[in-house]
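Below is one structure. I have some questions about it.
Which chain is which? They are A, B, C, D, E and F, in the order written, and residues in each are numbered from 1.
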Amino acid sequence: MRETTQQEDFLRGIWRENPVLIQMLGLCPALAVTNNVENSLAMGLATLFVLCGSSLLVSLCQRFIPGEIRISAYILIIATFVTVADLSLQALVPDIHKALGAFIALIVVNCMILGRQEAFASKRPVGRALLDALGTGAGFSIALVMLGAVREVLGSGSFLGVSLFGPSYEPWIVMILPPGGFLTLGVLLLGLAWWQERRPDRIEASQRRQAGSQEAIAVAGIATSGRPTPTRGEAG
Amino acid sequence: MSELSWIFLSAMVVNNFTLALFLGLCPFMGVSARVETALRMGAANIFVLVLTSLTVSFLNAFILERAPYLRIISFIVVIASLVQIVETVIKKVSPTLFRELGIYLPLITTNCAILGLAIFQTNRDYNVFEGLAFALGAGFGLTLALVLMASIREETELADVPSIARGMGLVLIIAASLSMGFMGFAGLLSST
Amino acid sequence: MRRNSTFHSGVHPDDAKELTAASPIRRLPFPDEVVLPLQQHTGAPATLIVRVGDRVERGDMIAAAEGFISSPVHASAAGRVAAIGPWPHPSGQYQTAVRIAVDRYAAQTPRRRLVPNWEGLSPKEIVAAVQQAGVVGLGGAAFPAHVKLSPPSDQVIDTLLVNGCECEPYLTSDHRVMVEYSERVYLGIRIMLDCLGIRRAIVGIEQNKPDAIATMTAAAPVDLDIEVCGLEAKYPQGAEKMLIKSLLDREVPSGGLPGKVGVVVQNVGSVATLAEVFETGLPLIERIVTVTGPGVREPGNWIVPVGTKLRDLLAGSGGLADDASEIIFGGPMMGVAVASLDTPVLKGTSGVLVLSKGEAPPREDYPCIRCGRCLDACPVFLNPQRLGNLATSERWPEMLENHLMDCMLCGCCSYVCPSNIPLSHLFTTAKTAIRRRPVA
Amino acid sequence: MSGGNLDAGTLDVAPAQASSLRMVASLGTAGALAGLLIVVVFTVTLAPIEAHKAEVLKRAVSEVLNDPASYETLYATPQDVFEAPPAGGAERNAEKIYVGLDAKGRATGVGVKAAAAGFQDVITLIYGFDPTTGKLLGMKVLESKETPGLGDKIEKDLSFVAQFRGATPPLQAVKRVTGAPGEIDAITGATISSRAVVRIINESLERLRTPIEAHFEETSP
Amino acid sequence: MDLYAIFQSILILSGVCVVFGALIALAHSRFRVFEDPRIEAALELLPRTNCGACGSPGCRPFAEGLVQGEQQPASCTVMGPAEIEDVAQLLGVEAGEANKRVARLLCAGGSHVAVQDAEYRGFASCKAAASVAGGGKGCTWGCLGLADCEVACDLDAIHMSAALLPIVDPVRCTACGDCVDACPKDLFVIMPLEPHLIVQCRSELEGEEAEGLCQVACNGCGKCVLDAAEGLIDIVEGLAVIDYTKHGLEAPGATKRCPTGAIVWVENAQLLEGTGGSATDASQTAE
Amino acid sequence: MTASTRIVSASPHIKQGDSTPTIMWSVVASLVPVVASAIYFFGPSAILVLAASTAGALAPESLLGGRGARSLRDGSAAITGILLGLTLPPGIPLWMAFLGGAFGIGFGKLVFGGLGQNVFNPALLGRAFLQAAFPVAITTWPIRAESWWNLRGDNFALPLMSPSVPEAMTGATPLGLMKFEQMTTPSWDLMLGTTGGSLGETSGLIILICGLYLAARRHLDWRIPASILGSVALFSTLLHGLDAARYPGPVFMLFSGGLMLGAVYMATDMVTSPVTHRGCWIFGAGIGFLVLVIRLWGGLSEGVMYAILLMNALVPFINRATQPRIFGTLGVGGES
C-alpha cells in the first residue's frame, strides 16, 4: 500500500475523499438530520467524537482482535462510544437530542465509521488513525453543515435559527422534507462535477476530443445522428 | 388487525424507510444499478429485518428489561453477529449469491435500516406481531424503492445523460423524485 | 380456408408504382462490357473457371458452383475476358468479378441447348439442371433455387407459395411478369410442383395490382390445385414469413425456414425464370429490371444481361435527371444505395430506383421519444426501440438477448419513427458486427 | 462508488486462523469492558436525564391541567384505575394517567397521554380532562412528524390549541363552525391533522372515561 | 454507584458477546471458505481498468493468474515500472519483461488525399457507414474517419486528425486491441513498438486504378520489393506485404522509391514522421 | 451529377410523414381550446400563470438544453410549460409558476439528457415540487371573481415572498368539498367547468374532445386514457354500490379534479409511458387504481399527479415485463 504523509491523512477526509460528497458513505444521517444547521452541526460533532474514539481504540487493540470477529469487535467498540454520546447528549442538550431522534443511535451503523476502521485504523499506528479520524469526521461535519445550511436557508428562511428574509418569506417546505435532502445533495454533487469538469486540464482534453469528432462529422458532411457516448456495461 | 395493516402500509409506503426516513441509503445507492441485484438485496434485507424484529422482541422481553441503556449496543452486536453467521453460511452454500452481493452482505449489518427498525420497534413498544408487520413493511418498502431505482437506473444507462449528472448526482435526483411521488401516500388510512 | 388475409403490424407506404406499372417489358441494346461478380447469390461464391483473355460465348459457364448451397455464373454476353479483379459490388465492397468485353459483332445467341428439356426428368435431375442453370431467387435474397426444390427428407412440404406481392414501392418487374408472362409463370409452377411431388400452389398478389390478379386468375391451369389470392396492399406483405401467415395462417418458428411449416416460397420472377430456362435452354443470364424513380428521365421495365453496369442501364433509361441524388439497388424500403456507377446488375437485382433531392430531403433526427410506433410497426413483434438504444451504445450481447436475430431488416421501424432514428440500419450494423466478431 | 473504501484490505496476509476460544474470550472481555464503561456513563448521566424528563412531563401536565400544585401518577385500564402498575394480564393495557392536585390535595383533573396515526406518522399528545365538569382542560402535542408549516400548526397554532380548553367531549372537527358543543375548528391546510387530534382524544376518552370518573367519585366525594 | 447495575450490565453484555462469539466461531469452523488473500491484495495494486491487454479477461483473473504464477506482473501494459515492481514485490516474483506493443493503422488515405464517391448520410459511425455502399468512400478498404476506434479506445489513446484519420498516441496505447475490434475495415494491427516498415494501405487495386482513388495508395509497383532485403516484401494481390517474421532485415531504405509514399518507416508515432503523405501536417495541427 | 451531389444512405429511403416536432406542435395546438377555456373561466390570471410556467420551462431548456435551438424548436418544452400551468391554481404567484417550470425541465428532463430520456413527467414533477414546497399556495383556490378582469389571487407576489390572499377570497375544489366536508358538486358544473380548481381541470368535456382529436391523429395512445378512465369508473361504481354515502359515484370521480387532464394529456406523454400495448393497459389501470386509493383513503383530496408520477417510476419495469411475443414463438409464451 502506498505510504501517505500525515498531512495527507488528515486532509484526505476533508476534501479529496470526503465521506459524503465523494465516497457517498454515511448518507442516512447526512440526509436525515440536516434540515437545519444546528442539527447538522450536532450530528457532525457527535459523529466526530465517535469516530475519533473508536479509531483510537481500534488502532490500539488491533493486535488483540482475531480476524474472524473483527467486524463484531469494531461494532462493539463503536456502539460503546455511541451509547456514551447518546447518553451525554441526552443529559446535556436534551432538545437537540430529541431533534436528532434515533439518528444518534444510528451513528453505530454509519458505514463511514466502520469503513475507516476496516480500511485504516486497524492497520495504522494510533497517531495516524487519529489524524485520519479527525479529518474524516471534519469532512463529514463540513458536508453536513453545507447540506444543513442550504436546507435551512431555503426551507425555513433562516440560518442557525436567525431569520434572513423577514416574516413574509415563503419557505420552500420541500427542502426540510425528505425529497429536499436528496435534492440538495444531488444538486451539490452536480455542482461538484461541473466544477471538476471545468478544471483547465479537463477542458482541454475534452475540447480536443470533441474537436476531432466534430470535425469528422463536419468534413464528411454527415448530417445526422450524433451518437451518445457509449456506456460500457457497468455504468454507475 | 387494521392496526397491523396500518403499521405495514405506513412502513412500506407512507414512511418508506428509504425514501422518507433515510434509512439504509448506502445499499440503496450502491446496489441499485441492476434490477437483478436489487431484488436479491431486497430479499436479503427482508430476511435480516424479520430476523432483527424477532431478535429485538426477544431481547426486549427477556434481557434488556432491566438495562435499557444497553439496548443500542446489544442490538447491534446481536444483529451483527447473526448476519455474520448468515453470511458465512451463504458463502459456503452459494458462492454465486455471495459474489453477487459481494461487499454488501456485511454492509446489511451496518445498515441503518436494520438498527433503525430495532430502535423504532422498541421506542414504539411494538409487540411481536406489530414488530413483524413493521419489519415486513419496512423490508418490502426497501425492496420496492431498490427495484424502482434499479429499473430506472438501467433505463438511464442507455440515455444521453449529461456528463456532470452521470453517477450519483442523477441517482439522488431520481431518489428525490421518487420521494416526492411517495408523498402522495401521506395520510393513507388516517384521514377519516 | 383462409382465416387471415393479412398479418399484424406492417406499414402502408405510398406504392408509387404508377411510374412503370404500365410499361411493357422491353429489351435494351447490349452494353460494351458486362461485369459478373462471382458472388451473386446467398451461399458460397462460385469458383472461377476462365482466365483473362479467354473467349466466352453467351451462356458459357465462367464460374462453377462451390458445393450444394452455391450457384454457378454464366457469361451473359459473348466476348473476351478482359480482366478479373476487384470491382464495385452492390454490397458496397469491392468483390472479385469477371469483366467481359462484349463482342460487338457476335451473334448474341447460343449455339446449342445448354439446359435439358424438363419433361421426363426425375426430381433429382431437375434439381441438378436448375443448379447448373444458375437459377437463384429473384425476390431479393438470391437464394439458390435448387436448394428450395430439394427439401430435407424430414420436412413434409404441402404447399408452394408463389410470391407475387411485390410489396416494395416503385418496383414493377414482378407485376409486369405476371401480366405479360402468366403462362410462363404457370409452367414454372408446374415444374416446381412436379419436382416437389405436391399438387397445391397459391399465388399471393397484393390488391393494388388488379390487372395481375385478373390475368393470373384467367390463366390458371385447371389440372392443378392453384389458387390466386388477393392480399392487402401492405408492406412487407411479400416477406415470406408474412406471406405464409397471411395465406396459410402458419407462423414460421423464430429462427426457422418456411420448410418447417411445410411451405416453399418462390418469387414469381424466379418461377418464370425457371420456366424460361427450360424453355429456351439458356441458363440464367438475363433478368427484368425496373428502372424508376423521380431521378430517371425514362422509367421502364427492361430485360438486360446480368452484369450490365449501372451506367449503361441508366443510359438506356434516358439518363439521370438533374436533381437525382441517390441511386438504390432494389426498392426504397430495403434497397441498398450504391456509390459507383460501375456497379453491375446482379441476378437478384429487381430494380434500380433513383431518388431526387426532393424525394430524399435531409431530415433532422431527434432523440427517441418512446412513442412505441416502431413496436406497432414491426411485423415480427420485436422491440426496435430498445434494440436501437442498445445498438447506439454497441451492446451487442444484450441485443441478441432481445432477439436481434429475428429482425428481418424490413425497415418498417425506421419508416415510422418520428424521430428519424435509423433503426433498421443500426440493426444491420449490429448484425454485421456480430457476424464479424461473434459475441459469447 | 460507495463502499469503495471498505474492501477488506487484507494486506496482512492470511493470519493463521484464530482459535475459537480466543475469539470467544476476546469478544467476552470486550463486552465486559464496554458494559462497564456504559454503565458508568449511564449512572453519571442518569440524574440529569431523569430530571429533564420529569421537568418536561411536569410542564406538559401543568399546561393541560391549568397549573396544579402537584400531580400524582396512576395507572388506568378500561376497567379500573390503580395506584401501581397492575400485575398480570391487565398490565399491557394499563396507561399512565396524571392526576392534578390543588394545594389542598384535591384532584382537579386528570392528564392522559394518547397517540395514534396523524397525517405523516404517529401523533403523541397529552390532554387534560376534568371528570367533574366533563370538560377538557387543555391539550398539548408532545411528539409529531406533521408537515412543518401545515400539520405542525396543531402544536404551534395557539388559537387551535386554545379551543380545547373548556371543550366538551366527544369532540368534532369541522371546517365551518356552527356553535354546537364539542366543535373544534379544523385548521385550513391541516384538516387531517386537526381531525387526528380530535380523534385521538375521543378514542382515548372512550376507553378511559368510565374508570376515571369512577375513580374520581371514589376519591373526591 | 449501584454495584448491582454494574454487575448486571457487565454480565449481560459479556454474556451476549460470549454467546455470539461462540456462534461465529462455530460458523467459521464449519463453513469457512478459503480464498488466497494475496489475490485481493494484488488486485488492490492493479489498475482495475479491466482492459484485457494482459491476455486475461480482466484484472481479477489476472491477479489470480499472478498468484498462481501463470502470469507475470509486467504483462500488464497499463502499470508503470514502479507499480509493476510493487506487485512483483508483494508476490515475491520476478517482474518479467514488458514488450511494449501498440496499435498501428494500415491506411493513410485521409479526406485530403482519398476520393469520396458519394456523401454518406446516416448514423455517424464507421460500422454503420460501412454497410451503406461502403460509406461512399472511393477506396473500399480505406478508413471512413467516423471515429469508431476513437470511441472504442478507453484509454484515450486515439484522436481523429483534421484529415479524419485516427492518430494513435503510442504512450497511452496499451495494445488492448479494442480498436482492432472496433474498426469495420480491419485497419488496425497490434505490433511491437520497435522501429519498422509499415505499408499504410490495404487497397487491392493496382496502378492507376488504385492511385485514382487515393493519392497515397500502394499501387503494387514493386519498387520496395527491390529496395528491401531479399524476401522481406512481396506483392500479393496488388499490395506490398511485409514478412514480419524477418524483422531483422527491415531497414528504412525500402521506402526510398515508393511513388506514393504508401510504405513508411515508423519509429514512434505513426503518421507523424516520414509518412510522405500530408497526413503529417494534419496530425500535427490536430496535436 | 458530381460525386458531391450524390448521397448514399441506409434503407428505408422513404419515411412516413409525422416527425417529432410535428407531433409536439400539434399537441400544443390541441391545447388551445383548453387554454381558452381556462382564460374564459379565470381571466387574466390564467394568461399570466400559463405565461410564467411556460417561460419557466423554456428558460433552462434554452440555456442548458444544448443542440442549438433544436430543443426549443421541437415544442416539447412548450407542452411541459403549458401543461404545468394548467395544473396550477389561478392565484398562484407567478414566481412559483416559473420556478415549477424551471424545476420540471431542469430536474425532470435535462439531467436525464433532454427530450425522450426522462423517466418522470416533467410537468408533473414541477407541480409535485411546488406542492411539496408551497403546499398552502398551491391549494389556495379562488372563489368566483367579481368580474372577468379581476386577478384570482396574489399573482404578483414578490419573488420568494408569500402571497397575501384574503381568507374571504379562497374557496374549495369539488374534491376538497367531498373529502373534507362530504359535499358533492352537481355533475353538469363539473363537466362544464363552473367550479373551483386549477386552470386546466375545470372543463372535462373540452379536454375529452381534444383528446379524441389527438387519438384520431395517433398522437397519443388511446389505450392509456381508456384504461385510466375505465378503471376509475369501474372501481368507483363498485365502491359507490357498496357504500354510497362514503364513496362518490363514477361521474363525480371522472370529472372532478385533474383526472381528465391527467388521463388525456399527462399520462399519455409517450416518453414517460410504456411502449407496449399491454404495458399501456397496465399503466393506465395502475394510475386509475392509485388515484382512487389516494382520493378515498389517502390524506390528500387529489391524487392524479402522484398516481402518474408513481406509475412513471414503474414504466421501465412494465416495459421490461411486457415485451411483445416474438413472431414465430407461438405457444412459447411471452418474454419476460
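Structure notes:
We adopt the following convention: a contact is a pair of C-beta atoms (placed from the backbone, for glycine too) under 8 Å apart; a residue touches a chain by one contact, two chains touch by 3 or more.
Since the structure is predicted, the reported quantities are computational estimates derived from the model, not experimental observations.
Shared contacts of chain D and chain E, meaning chains that touch the two of them, come down to A, B, F. Distance from chain B peaks, on a Cα-centroid basis, for C.
Among the pairs C-F and D-F, the greater number of C-beta contacts is found at C-F.
Between chain A and chain C, the centres computed from C-alpha atoms are 64 Å apart. Chain A and chain D have Cα centroids separated by 34 Å. Averaged C-alpha coordinates put the centre of chain B at 44 Å from the centre of chain E. The distance from the centre of chain B to the centre of chain C, each centre being the mean of the chain's C-alpha atoms, comes to 60 Å.
Contact with two or more other chains is made by residues 1, 24-25, 27, 68-69, 72, 76, 79-80, 83, 87, 111, 114, 173-174, 177, 179-180, 183, 190, 223-225, 227-232, 236 of chain A.
Shared interface positions of chain F, i.e. residues touching 2 or more other chains, are given as 6-10, 107, 111, 113-114, 117, 129, 132, 135, 299.
Listed for chain D are residues 1-3, 6-11, 17, 23, 26-27, 30-31, 34-35, 38-39, 42, 119, 147, 149-150, 192, each touching two or more other chains. On the chain E side of its complex with chain F, the touching residues are 115-123, 128, 131-133, 135-136. Looking at the complex, you find that chain B touches chain E at residues 63-64, 66-67, 69-70, 73-74, 77-78, 81-82, 84-85, 88-89, 91-93, 95. Here chain D touches chain F in the complex through residues 119, 147, 149-150, 175-176, 186, 189, 191-192, going by the rule given at the top. Of all the residues in chain F, the ones that touch chain C in their complex are 1, 5-16, 18-23, 70, 74, 76, 113-117, 221, 270-277, 319, 323-330, 335.
Listing the residues of chain C that touch chain B in their complex gives 367, 389-390, 392-393.
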